[in-house]
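Two complexes, one shared chain (chain A), two partners (chain B, chain C).
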Partner chain A sequence: MNREVPSVPFNEGDRPKEVLKGGTRLDGRGFEVFRNVFMKPGTLSQAAGSAYAEFGNTKVIAGVYGPRESERKEAFSTEGRLQCDVKLASYSRRERKAFGQNDEERELSAQMQTALEAAVRLHTFPKANVDIYCLVLESAGSDLAVCICAASLALADAGIEMEDMVSACSVSRVDGHLLLDPTMDEAYREDGSALLAMMPSANAVAQVVLTGQWSNAQASEVLQLCMGGCAQIDAYMRQCLKEAAA
Partner chain B sequence: MSAAVPSSSNELQAEAFKRLYPNEYYAKFISKSLRPDGRPLGGARATTIGIHPLESTNSSALVKIGNTTAMAGMKLQHFAISSDQPVEGDLAVSVEMAAFASSETRPGRQSEAAQCVQEQIRTALRSAGAVELGELAIDKSHAWAVFLDIYVLNADGSLLDVCLLAAVSALLGLRLPHVEVNDQGQVVTKAEMGGSAAEVRRFGLKTVPMALTCGLYSGHLIADPTSEEETLAASLVSTIVDASGCIVGLYKAGGSATADEGMLLQCIEATKIRYKELMVLLKQALAEKGIQDTGI
Partner chain C sequence: MIGKDLKHLGNTDVLVGVKAEIGIPLEETPDCGGLQVTVECSPCAGPSYQGRSGEELGIELTKSLERYLKPGRSGKGGCVDLRALSIVSGRRCWILCIDALVLAADGSLLDALSITAKAALQDTRIPLVEVGATENPGEEPELELDDDPAHATQVDTSNIPVIITVSQAGRAYILDASSQEETCIDSAIQLAVDSSGAVCGLSKLGPSALNPAVLQEMMAMGQQQGPPLAEALDTFVKSSASLMQQ
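== the complex of A and B ==
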């Protein structure tokens, strides 16, 4: 395209000004209820392991390759390496994203890596790499949590040894209410957020990210809510794997 | 401790034979006019088309041919036409391999294969006149810029066929919102001007191009090869035709074998037959979403 005048995005309608009308969420969900969750392992034929995850309109595909040789030259290590790359599709948001990695994708990749590193038994593949790639086809809120769940399911599908499955969920605080699994519009109006990735069977927390100001009481409340959410997702993920194996 | 012995050692031997001697393995099938996945030489894989799977886009399509999968999505932007430019919109096509599409793809730079497919699709849509850019004008001074982005999700051969089908499916599903340019020169929807928001304009294609890739393997023509077959084939020929059977694009990118005229004619004929199959599927997929006035 060699136009002198750059084009501007066209959006029909603005973001909703209020996401809690009369104490209910715009999609009619309870505060502590997930959107419709759907997950399926083994969706790609080329990858060693893969999974598709959908929370409401947030749609993510994850693919796992390895253990395999690293593409770059790396120093010797008795532990294996986990390499994560999360990409947002150019059309996944309201406004088109240019190709090439942006800061948000770098951040998502790094966060996903730290969340999963805790669970993967890296010493079982010394010197080698396991590559985890996520593509967010549609980004409609709680992207990172959905990516972590999809990646964890893909790792299990690839047969990579893990201490436990990792499940994740996020919470937004809007007008003092804690909203589980927030949509994009809800997250846009939040004044605080929480993301928790955990290994429910081991009852161990892999990653917590709290942003905004939280009192002690509210912080423990939000962590309880997240833990409950992770347990629900974990049960669903295990059921998905069993169904896929059957 | 001894390694576990699989119950069906025949199956193991076949798998080992395939790994060690892929060419001999494949030749045994071809000599019986069959392919390892059970297809006849000229048969294409099962194809599915899903229109509008994504809500964040103005139009989208998910296409699967066998295991090869591509997702096309479109975003609309608008721009002011400068006075020395023709009154028409713009269409930008890009093709990207998702990092997990195959074991060779890595995140980062656009792969060579994706770049090739991108150019072939761009030419088929723009130069061959499938897309009428004049139709993308909003008024004399404003027009739509359409960004058509295609992600290859799973690369198992015949990328061009899948990506082009995804591209035309998404284009046929595109509705242009009814907009006007207000006094300040801003583009606003009819609803904001006090009209009905439901009004949309369908964007038509003058002709629908579709592609078929064929592999040349020791004198045989293999339609719609998988990635395994693509590596074994001595050469690949991709043909793009339109509804009238005219050739919109013909690509034979080198390879270790040359093709004679008869071979190329066979490829073109096979593409015309495949075109009819695909058109039926495309019409069905569009009808499922209530899209019937496409004029195809």
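== the complex of A and C ==
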């Protein structure tokens, strides 16, 4: 296969240049409104715990395996280890993704690991590994936030002890407006972005990533907005778990 | 065309070289030049950098550095103005390659890399390019390079931030942690701060969660360090440049 030729999508419309028309978003949402959120724990039969999460068109499935013996030879540790692996399906975007882990997936995995390590009580499974696999079936914006939510729900489904559930959301800044839960088109036009993973009941930040330039006022505004978003997602995740257990 | 710099931060040694190449701009951003970052961790930097783990750390550092320097996919929000690197819209542009080598690692790697990269960019000269007139628009533009260094242009580095890692151990916050100190840290934030003290990027590291109030305090502490560090770097680069001329 010739790797020099990039795959050209069959149906390639241009990405919209303007994502805010007359002060509203293209899909008609308010600036601080999520897309349709759907989550379901316990979707994989082979995994210790699993979950499926959907924010609009972004679809993620997460599986948790363990605690189990590490496959790699690793040094002794009195704490357990968490291993995160985020994978983008090769058909998840317009362009086909080449085989194998790319740098973006590595970065997503590392950021998810930081977010979840803060919540999981690693000392409850010394020497053992918990593996979390996230597969992004469709990537349509806010991928990392959806992955973290799905993984956190899967961990709860697996009965792994956590300090608190982790919920996450992201925000894009477009033309000075803060857009909660951006779509891919919106993220393409952003000049700054934020991702926050929170443990709302413990009031603790598990992961935070800001890009672009932020004034102090706007930085705290975006963090406040994200915190509000995380609290909404957290409430929904808890409700999902209760319904699944009933 | 080239700039390079060596920085010592305690026992951390990094070497950064910047090269400029002529390339083709991305389809999405025809009026922007390119920026490419690579960080390599030499196995002689420390025993933990052999083989795969060194490679993985290199990719992680590359991604973080890129996140702070590069604009988003829209070409907006970055700290290096890529529009200044355009030569012929949609056809030719300058691509800046920032190649960093970690020679010795003793904590605060990303801090050292960002400072050195900024210094190297300040030192970078881009030759003047004259575009020959072409009759039909489909024809490849003819470029003529002016090799007189007096006509070369500089990269605008005034908005490029430096990265400051603020670590938290118990109730104390530490700046510029050594690798020994890094082993006993609960969590840390990497804060990109420009010369005015504004936040240009943020990411959390480490296994523990952070209280939002603590996060704000750590951010404020990092922001305070930005302006004096940028000023010190500026005077250092200027004095070493005048030494070179003598």
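The criterion applied here is as follows: the second predicted complex is superposed on the first by the 235 of 246 C-alpha atoms of A that agree within 3 Å, B and C clash if a C-alpha of one lies under 4 Å from a C-alpha of the other, contacts with A are read in each partner's own complex, and residues count from 1 in each chain.
The rule is simple: a contact is a pair of C-beta atoms (placed from the backbone, for glycine too) under 8 Å apart; a residue touches a chain by one contact, two chains touch by 3 or more.
Quick caveat, the model's predicted, so the values are computed rather than measured.
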Touch check for A:168: first (chain B), second (chain C), both, or neither? neither
After lining up the shared chain so the two structures overlap, which partner does A:144 touch, if you call chain B first and chain C second: first, second, both or neither? neither
Just to be sure I read the superposition right, which of the two partners does A:47 touch: chain B = first, chain C = second, or both, or neither? first
Can A:133 be said to touch chain B (first), chain C (second), both, or neither? first
Could you tell me if A:92 is touching chain B, chain C, both of them or neither one (first, second, both, neither)? first
Once chain A of both complexes is superposed, is A:191 in touch with chain B (first), chain C (second), both, or neither? second
Does chain B (first) or chain C (second) touch A:110, or do both, or does neither? second
A:208 contacts which: chain B (first), chain C (second), both, neither? second
Just to be sure I read the superposition right, which of the two partners does A:178 touch: chain B = first, chain C = second, or both, or neither? neither
After superposition on chain A, the chain A residues reached by both chain B and chain C are none
Footprint of chain A on chain C - complex, ascending: 28, 56, 59-60, 62-63, 67-68, 71-74, 76-79, 159, 187, 189, 194, 198-212, 215-216, 219, 223
Considering the complex alone, what residue numbers of chain A touch chain C? 15, 103, 106-107, 110-111, 114, 117-119, 122, 163, 173, 187-193, 199, 202-216, 219-220, 223, 227
Residue ranges of chain A in contact with chain B within the complex: 1, 3-10, 12, 44-47, 50, 57, 59, 61-65, 68, 71, 85, 87, 89-96, 99, 101, 131, 133, 135, 137-140
Residue ranges of chain B touching chain A (in the complex, touch as defined): 54-57, 60, 67, 69, 71, 73-82, 85, 90, 92, 94, 96, 98-103, 106-108, 110, 144-145, 147, 149, 151, 153-156, 177, 179, 187, 189, 197, 227
